[in-house]
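Notes follow the structure.
For reference, chains read A, B, C and D in written order, and residue numbers begin at 1 within each chain.
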Amino acid sequence: MKRDRRRTSGRELLGLVPVLLVVGGLSIAALVDALASSISAEGSDAVGLAVFRTVLGLPGFWASFWFSLYVALSGTLLATAGAVVLGHRWCTRPRGRRTAQTLLHFNLGVPHLVWAVALVALLSPSGWLSRVTSLLGLDSGIDGFPVLVNDPYGIGIVLHLASKELPFVLLATLPLTGVATRRSLAQGATLGAGTASQIRHIYLPAIAPVLIPATIASFAFGLGGYEPGAALGVQRPRTLAVVALEWFRSPDLTMRHRAFAVAVVLMATVALASVVLLAMTRSWWTMRATPHRREGVRA
Amino acid sequence: MQITRRTFATLALGAFLAACAESASSADRSAVSSGPVPSDWDAVLSEARGQTVNWYLWGGSESINRFVDDTYGPVLRDRYGITLNRVPIADTVDAVNQVLADDQANNPRGAVDLIWINGENFSTLRDAGLLLDGWARALPNASLVDWANTAVNRDFGVEVGDLESPWSSAQFQLVYDTARTNVDELPRSYAQLLDWACAHPGRFTYIAPGPGAFQGTRFVKGALFEISGDASQWQQFDQALWDRWAPELWEYLHGLSACAWRNGETYPKDEAELHRLFANGEVDFTITQAAVGASALIADGLVPTTAKAFVFDHNSIGDFNYVAIPGNASNKAAAMVLANLLLDPSMQAAQIVPANGFGLGYAIDPAQVTEPAARRALDEAAAALGSGAADPSEMAAALVGDAAAPYQDLVESGWRRELVGGL
Amino acid sequence: MTLRLDRIRHQFADADHLLLDDISFILEQGEITCVVGPSGVGKSTLLHIIAGLVLPDGGSVMLDDIALDKVPTHRRPFTLLMQQPQLFAHLDVVDNVAFGLRVRGVGRKDRRESARAWLELVGIAHLEKRAVVNLSGGEQQRVALARALAAEPRVLLADEPFASVDASARHELQTLLLELHSTLGTTILLVTHDDTEARRLAHRMLEMHTGGPVESTLLSRQSRTAPV
Amino acid sequence: MLVLGVQAVSVRWFFPEVIPHSLTLQPLRSTVTDPNVASSFVTGLCLSLAVTSVAIVLAWPAARTLAGVGRGLGAAVVGVLFLPSLLPAVGLAMGVDVMLIRLGLAGTFVGVLLAHLVPTLPYVVAVLTAAFARRDQRIEAQAATLGAGPLQRLRLVTVPSMRGALMVGAALGFVVSWSQYTMTLLAGSGRVVTLTMVLFAALSGGSPSTVAVLSLLVALPAGALLAAAGRMSGDPS
């Protein structure tokens, strides 16, 4: 049947205005504010990069920066890799998928703060896991148990990010792992593709349109989320998000400029990382011949 | 059937929306008032009747929260016709910011009626001229306060004037576990603490000084007092004095950190974390500021029942907690009635009893209380301090006032720079 | 009642030629009229214009000499049977059929009773309580047919109604349509690209050509009932 | 989570006990009867429900339009909508707070509601758009030819046929709003206190049992809601 081609009318476009106004308006205003506040000098109206120079020159700034970048990158990498491997497995071996999905949804609903509290209760040197291992005589009590949370290597934060963002990435990509992807994978297998090359050449390109934004979003949270660093971090180095929030809430209002400067640094980092990621994955975008977006809806 | 179900759903939804509306507007339901004069106390009482007092206070201690709601709330309601709205905040800075924001917005009906406030936050609001003046010493119960004592009339070295009314007191103490540590082995000075820590590597730590972690700051200040040999000189701010002693302070703390929990690579960020480490046997001491020592912590299930507080022989910093009324408060009369009630001997007696869970000390000078019933209440309370409390005479002997406010930031930022070497 | 198309012209925004150029005809009452022609000639569009789903660039749809230009779809006394049955997945079979009565304010009990009668007529009364997603293609189209007729249209518009089902089901559905027509005498305008189907069902054929006028042919009863 | 569950019904459960020496409902009882916990629970619930309702109402027309527009415009709009999720959370919350102060809405219920919409709306729009795109839009045309007017179409056809997506969108919106900490902290200026904030305050001074009870109170409704929604949305294949 020939279907009427529709033009989107002006009236329909009006429907976009409220959401764009609320979300776009507030977040773009937030961006502008951050920029404006960070380039105005402390205590004067002059515009300049003085605040940036001060903040970037503070002792320990770069230690905090590299630490934040490292935990965000490792957390995101683990989460994405895990989501891809698990998603591919589910695509080829769908058993147990429903139960696991329910669990993942549950995890997604648990706020970051609570997840961090649970990790501490489980993994701290006097936490439940340590109690079990020392009961079983596997280590010599508190001192023998490895420091997994509030540790200087950020293991706790990385674990938190990996375990909390994996469900997010996986559930986001799930709608793209329907019948068509499954068929392509089966086809690939008959052509002799092993697990690794199936993932590399079929699965990843199929889920890329969602995987890449989801990865960026999870990286942005890893870098700019307050809760994991606050609950699972150490005093040295602290994540930039924790420092920024402390400065923003300081009674000394000039500290707000510094807080915004840190926010701008974080935003720039996310932007840079996104550009790098998009450049690295360009082949997937151009390679995609058929969109899988609407598959599996009406067989 | 269909209709009844729908009617029921509609009713339930309506009731829920009403509850929502209530919760959304409860913060703003107060009458406009100008500043009453506390010398005409009857006028204050009649103006306060029917008001809601929005009391902003740190909400991190559930026992304090419960005490405030259960002890002051009913009396305010039944005796004075005042509704108590306790507004819990994560840090007093939030209340300060609220007052500043109301002022910037030229809002004459500010949200904050009374703040539990101290030190730096007090001087911020005081310097901005945003606090109500001329009321604290005119409260009826203010006669029980020892205003001549410098620990009372100076808040972190800042003149309290007539801007703040005391509420309670606190003193820095360490807590140990009698089941684990022998009382004769306890360190009794910072110097001995260093020896103890290095004899028991990894068994001591303290709270990282910083916003919301004033106990850690206080620990460091105590060290500064001992090293410099004279606590009283820190009552006035003197940059040169700080520059003279700071290097020795950092040197001491570096030495301590080499023997500390996890070699000082990190420190607990707040009281709760240190309590957890102590309770689970990761370290051997925790910190408290309560008059009842460890008793309140025991009652809350934070530490083992065998925990007990103790003080060093000298330089145990104590201070008073104050309440202040912002100049733009909407319910000033009710705020005054509450501030006066806080000083009532029966309330003061109630707050030190461990069973009540509040755990802070007197704001009044008990010696000034002569009325027999009140006298008896105070005596009974003193007798019930519990097994977790430190020896009161040792505490009194070691008590010193806190340093002037500007040192707070020097200690906190200096500690972060020197000990942590980071942001 | 007379349905008349008066000089209908229509062009899509992105097309460079007129899709429908000056189409006029009168629909004979009580007859089955089949519209045939190559695909892309605008047969479906013509039905959509009559139903009011598409507003023509020129010309009018006239009912009893009154122009329907300003009358919105839901006030026009026609129902449209689409190629896909377009059943309401959230309603069961009987409520799907009762839909047209429901929007006209008929009470729950009455409209269900009436819907059951229609299900009886299309031969699927036993499926009344079923969820529509569990029905076969032929059964779904029967529900759609019952639903369209239950709304008591003055003209039933059908757009390739049997094209999406398999050959045997299609034949059964065609037979059903003929039976229903002989009992009810509903005026039917049916679009098909299948010449055999048109010859089997139609009293009258309208042939459409690209950009040209329609040709109307009256078929003899004999050729209409010829075996397929 | 299980460890938290046990911790919620025990007191003084210290190392090295693997299983608490005694179980008690006391922390649970004293926490849930704390009027402050109750009122912040109600505030949080009202806030998240209000955010969800507003988000659905705003997202509905937008999603309808987005499902029909071409890829270019669609991608641009989706890009703007998801901009906040690509920004560092702390920076976004700080910027939004400054905006709200300027609008005079900081510390008000409405202000926090607006702030929550920023991270919430994109998800709701995404869920509804996907559902609209997946749907055969001709179902409304079909209903119209059967005599249903615009409002009847909305009530009897569009909304019921979108029920699944609406529930999933609402659940997701509720959960995103319910979990906000930094945003609520800054936009609420300590005046709009949700359960998450009470939990954070308790973390710096409360007992492990109370923290555990509060954690469960915060996590369970959201987790269960999302798990249920996930089940309902089902497997796309």
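One rule holds for everything that comes next: contacts are C-beta pairs under 8 Å (C-beta built on N, C-alpha and C of every residue); 3 or more make two chains touch, one makes a residue touch a chain.
Since the model is a prediction, treat every value here as computed from it, not as a measurement.
A.B. asks: So which chains count as neighbours of both chain B and chain D?
C.D. replies: A
A.B. asks: What's the chain with its C-alpha centre farthest out from chain A?
C.D. replies: Chain C.
A.B. asks: By Cα centroids, which chain is closest to the centre of the whole protein?
C.D. replies: That would be D.
A.B. asks: How many angstrom between the C-alpha centroids of chain D and chain C?
C.D. replies: Their C-alpha centroids are separated by 46 Å.
A.B. asks: Find the geometric centre of each of chain A and chain C from their Cα atoms only, then give the gap between the two centres in Å, rounded to an integer.
C.D. replies: For chain A versus chain C, the centre distance works out to 53 Å.
A.B. asks: Averaging only over C-alpha atoms, locate the centres of chain B and chain C and give their separation in whole Å.
C.D. replies: Distance between chain centres: 80 Å.
A.B. asks: For chain A and chain B, what's the span in angstrom between their mean Cα positions?
C.D. replies: Chain centres of chain A and chain B, defined by C-alpha means, are spaced 38 Å apart.
A.B. asks: Where does chain C touch two or more other chains at once, residue-wise?
C.D. replies: Correct list: 53, 82.
A.B. asks: Got the chain A residues that touch at least 2 other chains?
C.D. replies: 126, 142
A.B. asks: For chain B, what residues touch not just one other chain but two or more?
C.D. replies: Expected reply: 94, 97, 276, 280-282.
A.B. asks: Could you please specify the touching residues of chain D with respect to chain C in the complex?
C.D. replies: Checking each residue of chain D against chain C gives 136, 138-139, 141-150, 152-153, 156-157, 160-161, 163.
A.B. asks: Mind listing the chain C positions that touch chain D in their complex?
C.D. replies: Residues of chain C touching chain D: 51-53, 72-76, 78-80, 82, 84, 86, 88-91, 99-100, 102-104, 147-148, 151, 157.
A.B. asks: Applying the document's contact rule, which stretches of chain D touch chain A when the two form their complex?
C.D. replies: Within the complex, chain D touches chain A at residues 1, 3-4, 7, 14-18, 58-62, 64-66, 68-70, 73, 77, 80-92, 94-96, 98-99, 114-115, 117-118, 121-122, 125, 130, 133-134, 136, 175, 178-179, 181-182, 186, 196, 199-200, 203, 208, 211-212, 215, 218-219, 222-227, 229-231, 235-237.
A.B. asks: For chain B, which residues count as touching chain D in their complex?
C.D. replies: Against chain D, the touching part of chain B is residues 16, 19-20, 23-25, 27, 56, 58-62, 65-66, 69, 86-90, 94-95, 97-98, 101, 104-105, 111, 212, 270-272, 276, 279-282, 300-305.
A.B. asks: Can you check the complex and tell me which residues of chain A touch chain D?
C.D. replies: That would be residues 6, 8, 12-16, 18-20, 22-24, 26-34, 37, 94, 97-98, 101-114, 117-118, 121-122, 126-128, 130-132, 134-135, 141-142, 171, 174-175, 177-179, 182, 213, 216-217, 220-221, 223-227, 231, 241, 244-245, 248, 256, 259-260, 262-264, 266-267, 270, 274, 293-294, 296-298 of chain A.
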